[in-house]
Each structure stands twice: as structure tokens, then as C-alpha cells.
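Paired with subunit B in one complex and with subunit C in the other, subunit A is shared by the two complexes that follow.
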Partner chain A sequence: MASVANPSTFMSIVRFLLPKIGQCLFVVWATYTVAFLLIHALPGDPVLAALSVKGGDATSTDPAALDALRARYGLDGPLLQQYVVHFLDLFRGDLGVSIATGQPVVDMIARTFPHTAALALFSLVLGFVGALLFTVWAYIARPAWMRNVVTQIPPLGIAIPAFLSGLVLISVFSFGLGWFPASGTNGFVSLVLPGITLALPTGAIFFQVFSAAVFDAGASPFVFTANAKGLAQRTVVVRHVLRNALLPSITIIGLQIGYLAGGTAVVETVFSRDGIGRLTVDAVLARDINVVMGVVVVVSVVYAVTTLIVDALYGVIDPRTRTRITRTKAVSA
Partner chain B sequence: MTSTRGSRMRRIAVPLTAAAAVVSLAGCAGGENAAATPDADLAQDIVFALKEDIVCVDPQQTSLTTALIVGRQLTDSLLDQDPETGEIVPWLATEYEVNDDLTAYTFTLRDDVTFSDGTPLTSEVVAANFDKIVELGASASLANGYIAGYTGTDIASDTEFTVNFSAPNVAFLQGATTMSLGILSPDTVALSAEERCQSIVGTGPFVLDSYVANDSVEISAREGYDWASELRGHEGDAYLDSVSFPIIVENSVRTGGLESGEYDVIQDLPYIDEARFSGADYNLYAKANPGVPNSFVLNTTAGVLGDEAVRQAISKSIDREQINIIAGSVNGDAPTSVLSSSTPGFTPVEKALDYDPKGAAKLLEGAGWTLGSDGIYEKDGQKLTVTVTAFYAQDVLEATQIQLAENGIDLQINMVSSGDFFGAAASGDFEMLGAGLTRTDPDVLRVMLSPASKSRWGIVDDAELEELLQAQAQTADPEARQELVTEAQQLIADRAYVIPTFEVLQLHASRAGVEGITFDSAARLHLYDAAVISE
Partner chain C sequence: MSILRKPGLLLSFLMLAVTLLAMIAPQLLAPYDPYASVGAGRLLPPSPEHLFGTDHLARDVFSRVVYGAGLSLTAAGLAVIGGVIVGSVIGLVCGYLGGAIDFVAMRFVDVLIAIPGILLALIVVATLGFGPLSIAIGVGLGTAGSFARVMRSAVLRVRSEEYVEAARTIGVRGSGVLFRHVLPNAARPVVSMAALELAVAILSVSALSFLGFGAQPPAPEWGALVSAGRDFVAIAPWLSILPGVVILAVVLSVNRVSRFIGGDR
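== the complex of A and B ==
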């Protein structure tokens, strides 16, 4: 990366990043607003809905009691006032209190977030490595029909629903062989099966983008030149083909985060894991507004920050982007 | 207990008894009084897979079955109730007395009971528990229902106290046997509602080690427990050393885990998997929820339901035996009253719930309805259509829908979230509600139907019924009360204010090597006598 010691280079990086940070904030605000409008447009009383989770058939429907609870959870007053008050609370790190459990939403998310982050990260790495291996295999596979067969395997990962693959993995590796636990959130062993389940579709998407870029690069003049120079096959693949194919794969990581946010909900249910996905499903079913809004904000922040990091990474991976930043500086100076 | 005659004899002999609801099961050694003896060579630790997060561990606040199963092990109640005979027996209280108008209950406590944090159980602690339940209000709605009209507790000594009510409260005695009125330690009582949801201290045979939301609950046996009720199979400490409750939401993972040996016990065996687990390798535990079985609860001010003939025709057009075969467990029975067979005071009603399509047709034709070309009755251009609002048991509703359609009645099913269901119940904006109401006392009928009840569901204007419901709530004499309760059940079924469809059965399973799991009167579980007897 360009030396940070140089103040003008530093300024140019700031100038490059500032609008992107602005975009991030806009994404978070827009997500919050749309989610707020949607959830309040639903019919029914959220306090009653959340109360019935704990109360069951004994749920109190006494209007006075409900009003008291509404005030306690910040759900009283006009909608606009709720919108402004809750939005300002976000900046103090206050996401309100869950109506269903009575716990602060921040605590609930802090409890579940690490589990989901570990799962998402593990499956991202697994999917990425898997896609890489398959791509290399497909690239070097001969004859052509063999290559075609290999490229058809990864799409199966996205064609089989996570719900099914999860249950199959549990039947074989937990109940059958007893290698991994079928449920729980304890340690790395509990991460393996759900990680694989989630890595299948993630890896399939990586593979699609990655293999296209690799084959593209493989047909390019610089690889032709490298081969002509007599470089070893391995050097050509690693140094020239893969490096050039990396950029589009990095780009879709941001999109994968969005997919994982939904995918974890299914996997966490099948594997009975505590996490953001299940928290969200439970909260939506219970119409626990504060939790839903809290999750939406946190996920949108993660999404925005990841996109920001990916944007910044371009400069590291692709020298051309670096030059563009410096040129911007030269023009504005 | 199936014949009406039998029930009548029983009514005279043993008033207010729960009818024989505990079904005998093939290959089931885990019935009540099963004298399980733990195998000294085996670790007395079991894994019990729950079907959902308990959300709140405090049995006074929650009414979720799953949470109550855990809460029952941690807390004891003042009294205990024999789930078979309905008899009330001492537990934490050695004796009790009630005044004639059911407004004052005097208890004498055992003097040797301590909470697991060492504090002794005294009258003051019990009083603080009840005071706090009132304070919790809507957060402890079920417990508050049992102490409706509570005005305070007079403490006579450390072991003697009187609980007072502003109006007759007949349900309190039964309530005092449930974990909803389980007694918590003074420190726990002083905590906020939310803190109590995370951790509680009781006098029970087990103590809470940890509760991790959406993941697991761990409990272990308490040393020096010496106040089990006489209904338990042994005395002293619980047989088990520890119970681990993983929360496994996916049904097939629970059943698969029981088969592979990962779990020793599973909650809520799906009825459809029953056959797989009915061999000698497994024990099944089945009991109907007490209270009002799954039913249509009617709004008699809505649409055609004001017409008694229509209501009765709906009831007669439902073949409950068939619904039970389609949607139920082989261990379950079709409902024969507006109270479920496991409710104290249950009496099978005569005729009103018989499947009688001819009688239904006669009633409708007599009321001026004619069969339309589409097979649905109509009158003055209006179709005979009724809507049921429900939030679970769609299979039962669909089976009913088909049966009603065959008999010319169009049933529309409106599935909503639980919150919207209670919203509809509160506002009266419904034609029929489709649900059951689990309570351990026949007073549930008053709670559900009386216009004076705060949490009523059905909308019924019937002075005769109201008089019966109020009278049973103020009658201390068990025999006299049973007469009133029986009469009320017959009247409600005859006039079809509540149309039962299905008895929900609690169905759990364990491997054969675990025995001694029993049901309490509320169809929740006791693990005190449970033991590992073989691998």
C-alpha cells in the first residue's frame, strides 16, 4: 500500500474513502427507514404479539396493562416521534429492549453475533478455498469433457437447499458416524457441519465468478506470453492466472454477506445454534419490533463496512486502482 | 372412562376427580408410581432435548409448556395434586384450611424447608411471592389468574399464614399445586421480572446451573432435598445427578437423536413418528392437556352464530373420532366434553357431541336453511359460512373443514399469529376462535365464557350459564361444586357455545433405559423419580 507517512498520499486516501463512508451511512439510514416503515405497516399489535410468546393461552389482553408495556418499550406516541427518537438512540448504541424477553437488544445481539460471525467466516473461508480448488482442478483438467464435468459439480451446492443438506449431514456424520455434534454452539466441532452446509451455496457462487475469471485470464495474452517464456505451469497458474482472477471474487464477498445473513437463519434452525439468524426468525414471528430493527441495523452496518473494506482492498490487489487514486490527487492539487 | 353412567357413579363417589386420562401404553414402564431404581454403576446424567427455547426460566411468569417443564424441577408448590384422583395433598404446606366463602386460605408450612441458597422457607417468603405476582401484572398472567382478587397475606407465625381474596376464588387451591405458584427464594423475588427470567432459586429437587438462550439449560440435583410430596416414588435427593436440556427446534433432529442415543429423552414426539418409537426400546409418555380441549369458541353476536340451530348443527357435523385418527396420537381420545378428559371435574356430556349429520340437517332445515346447488346451505341468499380464527393446529381445522363441507357448512380458516389471535379475542372481532385453554381447574369455563371475566374468549349472553359459572366459583363443597360443573359442561355443549374438536396430547419419549418420568396434574413433567436403569 502507498506509504501513509507521506501526508499528500494520506489525504488522497481520505479523499478516496470519504464519499464511500458517506455511502455507507446512507445505506444504513435507508435500510433503517425502510425496515421501520415496513414493520409498522403490518397489521396487529406488536406488544400483544410479543407478550403471547411468554404468556401463551394466558396472555393478558387488559388494555391498561398493554398501554403500560407500550410506554415501557418505547412504542407509544406518534409514529414520527418513535422514528426520530429510536433513530437518535442508535447513535448512543441503544437499540431498546426486547418486548418478548425483556432483555436489552444490544445484549441479545452481542450474545448471538459472535456465533453467527464465526459461522459465516468459517463458511466463507471454506467456500472460498473449495471454489479455489475446484477452479484449479477444472483449469488443469484434461481432456475437455473432464473439465466440463468438473465445472458442473459446484453448482449442485446452490441447487440443494441448505435445509436438506444440513439434515443429510446430521444423519450421516452425527447420528451415523458420531463424529460431530448435531446441535449446539460449543467450540469448533459444533461449527463444522453447519459451516459445510453454508459453505456449499457460498462456494458455488464463488466458483461461478472465480472460474469465469480464471478461464478469461487463461486465454489472455499475458498468460500466452508466460507460457511462451517457458514458465512452469504452477508459476503461471498461481502468479498470473489466479492473481488476476482474485478481484471479481473479492467484489462478491459483500454480496455473500447479504446471502449469509439469510442462510444462517435456516442453518441455525436445523443445527439448533444460537445466532443472529434464529434471533431474527424468532423476533419476526413474535413481532418483536425492537429486536428486528436492531438486527436490521447491525446487519446493514456489517454489510456497509464489508463493502467499504472490499473497496479499499482494490487498491492493495490491483495496482491500476492505486494509480487512479494518485491521479485524482494530481488533478485536484 | 367412556360411559356416561360410569362417570355419574364416580361423581358421587369421588367428587371433582380427574378422569382416567393417563393412557396405558404398550411398552411403557414409565407410568405413575413406576418404582424406578437407579443402576449404581451407571452415571445418573441424562440429556433431555427440548423443542424450543424456554425464553424465561421463571415458572411464575411463563406459561410456555417447555419452560414449565424446566421450572417444575426447580420449584416446589404449597400443595400437590394427584393427577389421577384429583386429590390435593400436602407438599411445602403440611395442611390447609379454607373458609366457607372461599376468600381465605390458611396454610401451615413445613419447618425444615430451605431454598438452594440456604435461606429458610417462611410465611413471609410465601407472602412476598404472592405480593410480587400481583406486581408483575401482565408479565405473570397465568399466576395472576390463579390468585385473582388477592388482597394480601396475613402472617400468623413463621409457618402459619392466611391468603386473602376480595371475592371467592375457587381456582386458587388447584393453582397452589402448579409451578405457576411455585415458591421462589426472597432474593429471586426481589429481582426484576427480566432478571428472574434468566435465573431463579427455588426449593426444588434440582438447581439451575445455567441457561443459555436458544442453546441449552443445565440443572443438577440438590443435595439434602427432603420434602418431596407423598405422590413421588421415593424420598430424599433426586435419583438423577444432572439433566442437560439442549434446545433442538427441528423435529427430525430430536427423533433422530433419540434413535442414535444422543438424547435420552425428547419433548414433543410428533404424532406421526409415534409408531417408530412404540417398540420395547423406548418409553412413551402421553397425557391430555387439562382445561378446555382444542375447540371452536363462539361469538354469538357474530353473523349466523346467534342462531342456536346453526351452532348445534356445526357441532353435530363434526366427527371427532375421525379427526383424532387423522390428526391425533394413537394414545389420544376424541373430546367428549367441553373440558378435556384430564381436567378435574370432567364429565362426558350426553348427546350434544355425538356425530349426527342427519340431526344437523334436520336442525338447519327446521330453521329455514335450504341446500344450495354448490352443496352449501343458504337462507335468504346468504350462504352458511363461518370463519374460525386460529394460530395453530391447522391440520385439525382442515379436517373439520372437510367434514363440515360434506354436511353443507362452509368453514373459512383464518390462520393468524398468536398476537393477532389474542388481539381478536380482546376486541371481539371474530366469529369463532380455534384453540384450547390449558388450566387445571374447571373454573377455566368461567374464565373463558363469563362476561365478567377479564380474559374471556367466547362472547355469550346467557344468564342461566353465567349463574352456574359464578355459583361453581363460590361453592366450597366439592360435591355441590361438581354438580354445578357437570351442569355447566352439559349446558355449554348443548347450546354449542364451545364446540370441542380435538384433545391435545402431551407426548414425550425416552429410551427404555430411562424410567420414572411422571406427569403432574397440569400435564407437565416431574423428573424427581426419573433414573437411568440400563445402558
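== the complex of A and C ==
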């Protein structure tokens, strides 16, 4: 790693990363733009809608008071001005004020984010390990019909509605056996059932990628050689087959974040957990467009940053993809 | 017939046929009124008289599920049809015209695909208000991006085929080439994808209805039925789990049949 000090290598790394950072910014900007367009192109006045949900005499507010409210929630002035001002606010970490609670959206998201991050990470790990085990099982399963049965199981994880798997887990393990709490956000025990629920679709996606790569690798010359020279099956599976199957799984992390963002809304509702998903659901129920917008922007930032890290890591993990850096180095040398 | 040797496929077709019947003529399948108390008692467990038991208002849950098929599947179907139409138009125009329009529009399509579908749907529901139609619009918007991309690549492939060249050479007008020659030949991948997307749409619609954004009670929407039964999961788990299993069965059947349509027999 001493070569990092080499200025030309440093420059090539910068040249490798700069466009990716630009891509990151583009994703966030474009997401913000699409969300903004949607909110303002669809019929309906966000402030009136939120007030009507709050109910009471709030709906009969006079125009002057309504304008004051619009100004307070940053929903006044020409659209173009709103669009630009709110976008610039993002860079100061300002996501506006919640219409329903009056709190800064950033605070509401920051308070719930750790719970969701813990849940998402836990289910990613569970899904990853589960998919790996199923892949190995499917690879070594004999006879062929047995292998067929095994490969049919994981795709079920993506077809089963999260509320169904969650409620089944609750009735069996909470009310039936009493092993885990049915709801709440208290420590690791409360993480297990929602984690498993979310891990089903993530695991199914991982399995799809793993199994495709494993059966590809299984039919490849180097595995044939490894088998031919009499290596133990365990060694072949671990050293030769699995290693090649793990790489593609990294590239689908972005896809997984999409699934997790949607999945947490249902799972956190089923298990009555605090988190981004529940925050979003409550915001939609209150027609609180500012919070919904804030969540969308935060999810896009998480997505963009994860993609950036994955892209950067990929070159470290898989030497074959380093060509872009080495090529520029070779040219400059 | 080879289909008889595929029990899973046969079962899927059967399931879909029954579901379709429930959509068109629920009174033929439902033994009771979905809105009225049957008077037999509240929170009864499943029995031959009440296949899925009775809910907290002593209504027959099986009848409610049967009547719910109409609302839930119509919303999912509308979402996919809307997504196909919007996506196909974008993909067709982009693929056929190319150039700057194509570039700009496809970048927005990329973003539409990158935003998780459920978030898009939540934005739409928060803005438009609640109801099956809002859900359908939200879910449909989430699928439009992928349809646009598939349609565009199909159009790009077909555009350079000889029969399109020939049509253009003999002087067929642009719209004629597009609708007579390009569209019919580019439509196949979109159709097989629409079948797969229907399963996803059923899941999304029922999830959004479970969260309380769909038809308001007492309307028997599938997701809302699960959500209503959730309050009694400790004492009557079948109330929420059996409607959930019906959703799962329909999703699996749609998946299987759509793979069959897609050519994987």
C-alpha cells in the first residue's frame, strides 16, 4: 500500500472517485426533483390536507392564517423558489418542519434512524447467512429432485407479504412459545422477529444471485480441476465455488436498500417498533408531506452513499475490476 | 396435455380461476353477507360453517375475503395497466426517436426505478389522499419506469430489423411504422413482464392497504382485513393469518402462471 503515496496513483484514484461522487449527488438531486414534481403536480393542497386530518375547527382557518401556516412550513411562494430554496436547505441539513408535529423533520428522522439502521443491518446479515446456507445446501443436495425442492424454497421469501410472515412469527414465537416480545424497541430480543421478517425478502434476493453464481462456478473448469485432483468436497465448495459467488452479492446491496426501505414501513408497523418506516407511515396518515419528503431524501442519500462505498470497495475486493485505475497508471507511467 | 403433468401449474390456474370468479360474482362463492353480522358469535375459530371464522363484529371472514378480491385485485390490475401504458409510451417514443429526448427522459426513468416503489406510492398517497385509486396510481407509477426501460430496449432491437427498414423504404408514414410494425413486435417482453409485475403489484397494494391507506372500513380490502385481524392476533390469530395466506396463494399462482406465459414451462 506504499504506492498510495505515489501522486499519479492518488490522482487516478481521484479520477476514479470524482465521477462516482458526482453520480451520488445526481441521484439525490434527481430523487428530490421527482418527489417535488409529484407532490406539486398532483392535485391537492398539502397544508389543507394536513389540517383536515388534524380535524376540529382547524379546517375553517381564514386565508391570512392559512398563508401564515404555509410560510411556516415552507410551502409558500412561487414553486420554482420553493424548489431551489429547499434543495439548498438540504446541504445545510435542513429538511423543513413537520406539519403534523411542528418539529424539525431532521430531528424526527435522526431520532428514529438508529432503530431502523440496526434492524436493516441485522436483517441483511440474517438474509446473507441464510441465503449462503441454502445455496450450499442446494449445491450439495442429491438427488436432483431434492435439489429442485431446496432451490424452490428461498424464492417464497419474496412472495410472502411481510405482514403475513410477521404475524405468523408473532403468533408462534410471542403468543405461542413466549420466546420473543411481540412489539417494542427494547434491545436485541425485540430485534429478532422483525429481523427475520425482513430477512425473508432480502435472503431471497441474495439466494437468487448466489445460486446463479454458484452453479456457474460449479460448471467451470477450475472446479472441474479441483474435483479431479481429489480435493475434499468441502474445500471445493468453500475455496472455489463460494468465493466466486460472494462477489456479485455486493452489487445488489443497492437493490436491497430499496427493499428494506419499503419493508421497514410494514415490519415496523406490525411489530410496533420505532423507526423510519413507522415515521413515514404515520406521516402519510397525517398527510404530512414535509416528513414524507424528508424520508425520501434521506433514503436516497443512504442509497447513494452505499452505492459509492460498494463501488469503491469493489476494486479492493476483486482485483479484476481494478483495470480503470491500473490502466490510467500505465498510461501516465 | 402436458399441463396435467404439472400439478403446481394446474393448481395455480385453478386458484386464479376461483379468484377471477370472486372478482366478477362474489355472491356465488361467499356464503354470507360480508357486511352483516351472522349472529353466530364473535371471534369464532374456523369451522365448516365459517371457513375463516368470524371477526369482532361477528361477520363471516371468508365472505369478506371473497368480496375483497374485487377491490384489491382491481387496484393491482389498474396499477399494472397504468404502468404498462405510461411506461410503454415513454419507452416507445424514446426508443424510436432517440437523441436528446431519449437521453433526458431515460435519466428520469433511471431515477424512477432507483426510488423504492413503496416510497413513490407513499408520496402519491400522502398528496392525493387515501383510497384504492390513489394506491393504484402510486404503485403503477413505481412500475412505469421498468416498463419504459424494457419497451425501449425492445424497440431498439426491432427498429433495425429488415421489415421495419422495408416498411420505411416503401414510404409508410412514421406513425404507421411505429404502431403497425414496431409496437406489435416489441410488445412481447412487456407483456410477459406485466404478468410478473402483477404479482408484485398485488403485494404492494395489499401492503399499502394493510397500512391503512386504502378503502376505509367496512370495505373488505385484503390488506385491511389482515390489519383489522391484527388487533386480535393474541386470541384469534386466524383472523389475520388466513386472509394473508389467501394473498400469498394468489401471488404464488400469478407468479407461476406468468412464468408459464413467459415461456418457462
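A few notes on this one:
Definition applied: the second predicted complex is superposed on the first by the 313 of 333 C-alpha atoms of A that agree within 3 Å, B and C clash if a C-alpha of one lies under 4 Å from a C-alpha of the other, contacts with A are read in each partner's own complex, and residues count from 1 in each chain.
Criterion: a contact is a pair of C-beta atoms (placed from the backbone, for glycine too) under 8 Å apart; a residue touches a chain by one contact, two chains touch by 3 or more.
Quick caveat: nothing in here was measured; it's all calculated off a predicted structure.
Placing subunit B and subunit C on a common subunit A by superposition gives a clash between them.
Legend: residue contacts after superposition of the two complexes on their common chain; A:Leu285 is shown touching both subunit B and subunit C.
When the two structures are aligned on the shared chain, A:Leu48 is found in touch with subunit B, with no touch to subunit C. In the superposition on chain A, A:Ser171 makes contact with both subunit B and subunit C.
Once the two complexes are overlaid on the shared chain, A:Pro161 sits against subunit C while remaining clear of subunit B. Once chain A of one complex is fitted onto chain A of the other, the partner contacts of A:Thr269 extend to both subunit B and subunit C. When both complexes are overlaid on chain A, the residue A:Leu66 reaches subunit B alone and has no touch with subunit C. On subunit A, the surface touched by subunit B in one complex and the surface touched by subunit C in the other have residues 43-44, 46, 49, 167, 170-171, 175, 182, 269-270, 285, 287 in common.
The touching residues of subunit C, counted against subunit A in their complex, run 107-108, 110-112, 114-120, 122-129, 141, 199, 203-204, 206-207, 210-213, 223, 226-227, 230, 233-234, 237, 240-241, 244-245, 247-248, 251-252, 255. Those residues of subunit A that touch subunit B in the complex are listed here as 43-46, 48-63, 65-66, 68-69, 100-103, 108, 111-112, 167, 170-171, 174-176, 178, 181-185, 269-275, 278-279, 282, 285-287. Listing the residues of subunit A that touch subunit C in their complex gives 27, 30-31, 33-35, 38-39, 42-44, 46, 49, 156, 159-164, 167-168, 170-171, 175, 182, 254, 257-259, 261-262, 265-266, 269-270, 280-281, 283-285, 287-289, 292-293, 295-296, 299-300, 303.
Subunit B contributes residues 53, 55-56, 61-65, 137-139, 141-142, 144-145, 193-194, 197, 212-216, 246-250, 252-253, 256-257, 259-260, 262, 416-423, 425-426, 435-438, 454-455 to its touches with subunit A in the complex.
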